[in-house]
Each structure stands twice: as C-alpha cells, then as structure tokens.
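Can you keep this structure in mind? I'll have questions shortly.
Labels A, B and C are assigned to the chains in the order they are written; within every chain, residues are numbered from 1.
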Amino acid sequence: MSFDVDLERRLGDRRIGARFTAGAGLTALFGPSGAGKTSILNMVAGLLKPDRGHIRIGDRTLFGDGVDVPPEARRIGYVFQDGRLFPHRRVRANLLYGHHLADPGDRWMALDEAVEFLGIGHLLDRWPHSLSGGEAQRVAIGRALLRAPQCLLMDEPLSSLDAARREDIMTVIERIRDTLKLPILYVSHDRAEVDRLATEVIALGG
Amino acid sequence: MLSAEEWGIVALSLKVGGVAVLATLPLAFGLAWLLARKRFPGRVLIDGLVHLPLVVPPVVTGWLLLIAFGPFGPVGRWLETAFGVSLMFRWTGAALAAAIMALPLMVRAMRLSIEGIDRRLEGAARTLGASAWHSFWTISLPLALPGILAALVLGFARSIGEFGATITFVSNIPGETRTLPLAIYSALQVPDGEAMVTRLALLSVALSLAALVASEWLVRRGHRGQDRHVL
Amino acid sequence: MVRLILALFALLLTPAATAAERGPLVMAAASLQESLTEAADAWAAKGHPKPVISFAASSALARQLLAGAPADLFLSADEPWMDAVAKAGLLRANSRTTLLGNRLVLIAPVGSTVKLTPARGFPLARALGSGRLALADPDAVPAGKYAKAALTALGVWNGVAARVAPAENVRAAMALVERGAAPFGIVYATDARASRSVRVVGTFPASSHPPIRYPVALLKASRHKDAAGFRAFLLSKQGRAIFARHGFSAP
C-alpha cells in the first residue's frame, strides 16, 4: 500500500506543491504553518482539484491521466483538525455515517470494534456539542475508520488538545499504525509529534 | 367573536397565503441555492429580478401581473387555451400575487440560511463516502432547515398581508380574492363598518405578530445548532 | 449656506401662499369625472380660483366627511348617502338640492356583438357564462345599489348575485369591462358615453330602479368664499348645459 503523489496548485498568490512517495506506516508531512499542508491533504482526498499532477494509492489512480475520482469513491478516511462531527446527529449516527455508505464487502471494522478500540462506548448517545475536545477527536477518528478506508489522512489532529489528551490520542494513532496497519498520511508542524509517530518524514518548504 | 362571513375571510386568507408559500417554496429554495453557491453570467440580473417585488410599488407589480397573466396577456391566454385555467377574479390569482410579493423575502432568508451552512461539513461527508446529492440531503438540508422554515413563516406573513398587487390584479371578490387586508379596506369604505374593521385588524396584527415570533424563534434555534459544529 | 437654507424655507412656504388662491374643495361621485371637471374649468375661466375636486364612490366620500374631512361641497350619486351626512348635522341649512339625473345601462367591451335587452327575466346569467358582471359594490356604492335594485326588480338578481365582480366605484367597474376582464357591466349612461372602449348593450327601464338623483349641498364647516358661488354656477343654465352635453338628465 503506497502513496505516489505529485501535485501542484495555485491558491491565491501562493503555489502549493508536493512530490513524494510513501510506503506503509505513518508518513508525516512536516512543515511550518502556511506551507499548504492542509491543501495537499485536501487534494489527496479529492476536496480540492490540483492544477496538474497525479495521485496514486496502491494500484489505483485517483487523479491524473484524465482521471479524477470523486472524494466519495476514493476510500480515504480523513480526520480533520477540528473534528467536523455532524452537529445534528448523535455520536452513534456520526460514527455510522460512512459505514452505511460503504460497500458491505469493503467493511473491515464493525461499530463494536471501533468503539472498543477508541474507548468511546459511553459516548454513543451524546450530542457532538456536549463532547470534550479529546472525546470529539476520538469520535472523529472512529468515524473515519468505520468508513472502511484503505488509508487515513490526519490533519494536525492533536493541535487543539491539552497534554493529557494528546498522549491519549497519540496512543490511539500508534495502535492504528501498528495494530490495524492502516497507512497514514499525517500533517503536523510539531517536531515532537512527528518524531514519535512517523515512520517516514517528508519535509515541505514554507 | 367573529361572524361566519369574517371566519370565511380568515379561512380564505390562510388558504391563499398557505398555497402561495408552499407553491413558491421549491422556486425560492432553488433561487436561494443558485445565488448562494453558484457563479454564472447574469447572476446580478437574476438577483435584481428576484428583489424587484420588494422595491417596486405593489400596485405596479399587480398591474404587471395583469398584463402578463390577465385574460389578454401572453401567459394568461396560454393558461386558458392549454389548461382552461383563468386566474382572473380567482383565489389562485390572489395566491399568485401573494407568492410574487413573498418571493424576495423567502429567497433572502433561505439564502442566508444556505450561506450559513458550514461547507466543510459537506466536505467531511464526501470523504465518508457520500455523493454530492447524498451530502445535500443528509447534511446541508437538515442544517439549513430552521432557516428554511423561518423563510416559510416570513413569506406566509407577507402573503396574508398582501394588498396592492392583489386588488390590482384580481380585484376584490368576496369569497375568492377578498383576503383579510382587502376585507378591512372594503369595510373602511362603508361608514358603519367600524366594528368589523376593528375585529379584522386585530386579527391581522395577531397573525402577523405570531408569524414574526415563530420565524425569529426558528432562526435562533438554527443558530444554536450551528454553534456546535466547531467540535 | 445660510442663504441656501433660507431659500429652501421660502420654497416650502410658497404653497401656503398659493393656498389662499385655491378653489373650494368639492367631494364628488366618480361618475361626474369629466362633466364636473369641465364645469370647474368654466368656473375658473370666469376668474375664480379653480375648485379642487376629489372623485370617489359616494360611500367612500360620505365616510370621509363623517370622519371630519374639511370639504366645501358634496355631490353624491344618491340620496341615502347625502341623508347620512345630513343626519350627522354636517350640511349647511337650505343648501341641499337635486342637481342631476341619470340612466342605468348594461355595457360590454367595445368589440362585443352580443344582443341583450334588460327586461323582465332577461337571460343575463346565461350570457355571462363563466364570466363575471362588473358592478360598483352593490352593498354601498350608489351605482351598484341601483344596479342591484334594477336586477332584483327584473327578477334576475338571484341568478347573477354569485357572479358579481364588485368594484370600488362605478368607473372601476367600467374599467373591468374596458379591459375585457368582465364580459358585462352595469354603469351609468354618462359613464358609457365617456368611454371609447365599451359599448352600450341596453338601457335599464327607469321603472326598475329608484330614480337616479344627484343631490348637491354645502358643508356646514365650509369657509371658502367661493363655495356658494360655485354651487350656484352648477345650478345655473350654463352649468346645466355642461352636464347635459355629457348625457346627464335634469332631475
């Protein structure tokens, strides 16, 4: 399972680009704020269209050579910096949103497994607005995992958490990397995070 | 408290207002979505046309309706020959006049609501496997719903209060087009109509007030829901 | 800057200055539009300030007078509305008299070729079909009341009562027929004469409705020095000739 990414895009008066290949494990995209790291993730996910380039994951071409697979068909899980849980649905419905949409044959994780993996069983009937930062981030990760993705994108998932919560979530991420063996593309500007979690680091210019 | 005739007037007003708003709902939502989300040539023109009934004197709007939808107007004649339908002197004509006058208010309120939808949530839904359509139905629409309902209620209040365009387009026919405002106006023409005027006017104010309060409450409720999306 | 403000002030005051030269305020039934305007012009040509005329349905005018509108003369299209104003003590003593008479006609849009004579039991409902009969409001406006009385006397009111398009005044009723929105209307003979877009289908027998009489009176609160003079002019030979030219009959 590998990433083969070569992208370029003009945003305003900035030019954002990246060219890298990555294997299994957690690949960190490391760089200062404003380097366009989030935009790169958005392009990989299909939320933003590159001006030119290609995106290949495994043996699938998601973008390039006249191909542009829509985001819903890319089988990529995305954990956003701000969680982005749906406010009008409870935690359970949030978790299952992508699960219901996935092909039954593609699903490799059930709700119970995800709940146990992340320790969020007691939150299932809560509303997103009543969750703490750490709880919400766990639910966001669970939602992305239950979507049966082939890989995971994470955009600075620890930046809005306090020290204790960061430790919790880092443990979860390590388990995703090692136990679930899901390839992760991880964006961060924090050296310590990157040093601890990354299998490989790709530096992006500012 | 109200006589049978007066209840009839209220019932007609509610019917005309209700039909006007429900029939306009898809068009208003479509226009609101278009103006909120899409860029296209002629956008400013569409925006202007939608707002025209808001700034043009209602009598002029009624007169324009007469020219287009009246018995000799292009649309009126087509309706007559194709469907055997005539809007002249009919409650359907009153509903059309009310709808045109309510449209700009509804489009504005819905557009505000649509612009308030966090598009990043739509993006999140897409990454979870939802098509654009599915994302619209399960994420965008439910989040915009309080604002849409508020727009409906506001449009309804405007509809039941519509006078100038109605009386110019379809006249003042008891039982067909004599809605609350027209009935009050008629009662004013007759020197001993004071009691009826008072009753109907109080009712009219009460209905409008209720609609405004409901609309405000719905909008606030929608905002409370939005504030929680940040997590 | 100060001069500009003073100039603006002066501009605002000029209407007040010219108001002193304004003619008497006359409240007149809508059907008198052309004839009374011509009479007012003739009066002004004699060197008097031109009367200001407010045309509307007699019912609406009566309502305004009862609410205290400051007019000098009232010209109603029927006696009952003049009675109402008299009962409120608003008329100047001995100033009320009957000025004009009129006839009631059935009209259709000018291009229509229909033949219909208003007579006992005439097939108006059938001729209307799905269309409506344009009348001034039969509950309040004189032209509408006369029309309802005539149709009732001829035995056809019940058949058409539900198909009436009530208008604010007789001219508004005529406008509906002019526009083709209504296939038939009932207005005064003088109204039909004043319009080029309608044609008279038939005249209602004078016996089918109360005699159409236009009373004129001075209001008690009238302060204008010309009011009585204008009233006298309307009643004079020259005044009556103007009305006769427009189709009004002597009372």
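A few points about this structure:
In the analysis below, contacts are C-beta pairs under 8 Å (C-beta built on N, C-alpha and C of every residue); 3 or more make two chains touch, one makes a residue touch a chain.
Here the structure is a predicted model, which means the values were calculated and not measured.
Shared contact partners of chain B and chain C, listed by label: none present.
The central chain here, found by comparing per-chain C-alpha centres with the mean of all protein C-alpha atoms, is B. When chain centres are set by their Cα atoms, the one at the greatest distance from chain A is C.
Chain B and chain C have CA centres that are 38 Å apart.
Per-chain CA centroids place chain A at a distance of 44 Å from chain B.
Remark: chain A and chain C have CA centroids separated by 81 Å (rounded to whole angstrom). Residues 57, 59-60, 62-63, 66, 84, 130, 132, 137, 139-140, 165-168, 176, 179-181 of chain C are the ones touching chain B in the complex. Against chain C, in their complex, chain B makes its touches with residues 66, 70-72, 86, 88-89, 171-174, 186, 188-191. Listed in rising order, the residues of chain B touching chain A in the complex are 120-121, 123-132, 134, 138-139, 142-143, 225-231.
The touching residues of chain A, counted against chain B in their complex, run 42, 45-47, 70-72, 74, 76-78, 80, 82-88, 97-98, 101-102, 127-129, 131, 133, 136, 143-144, 147.
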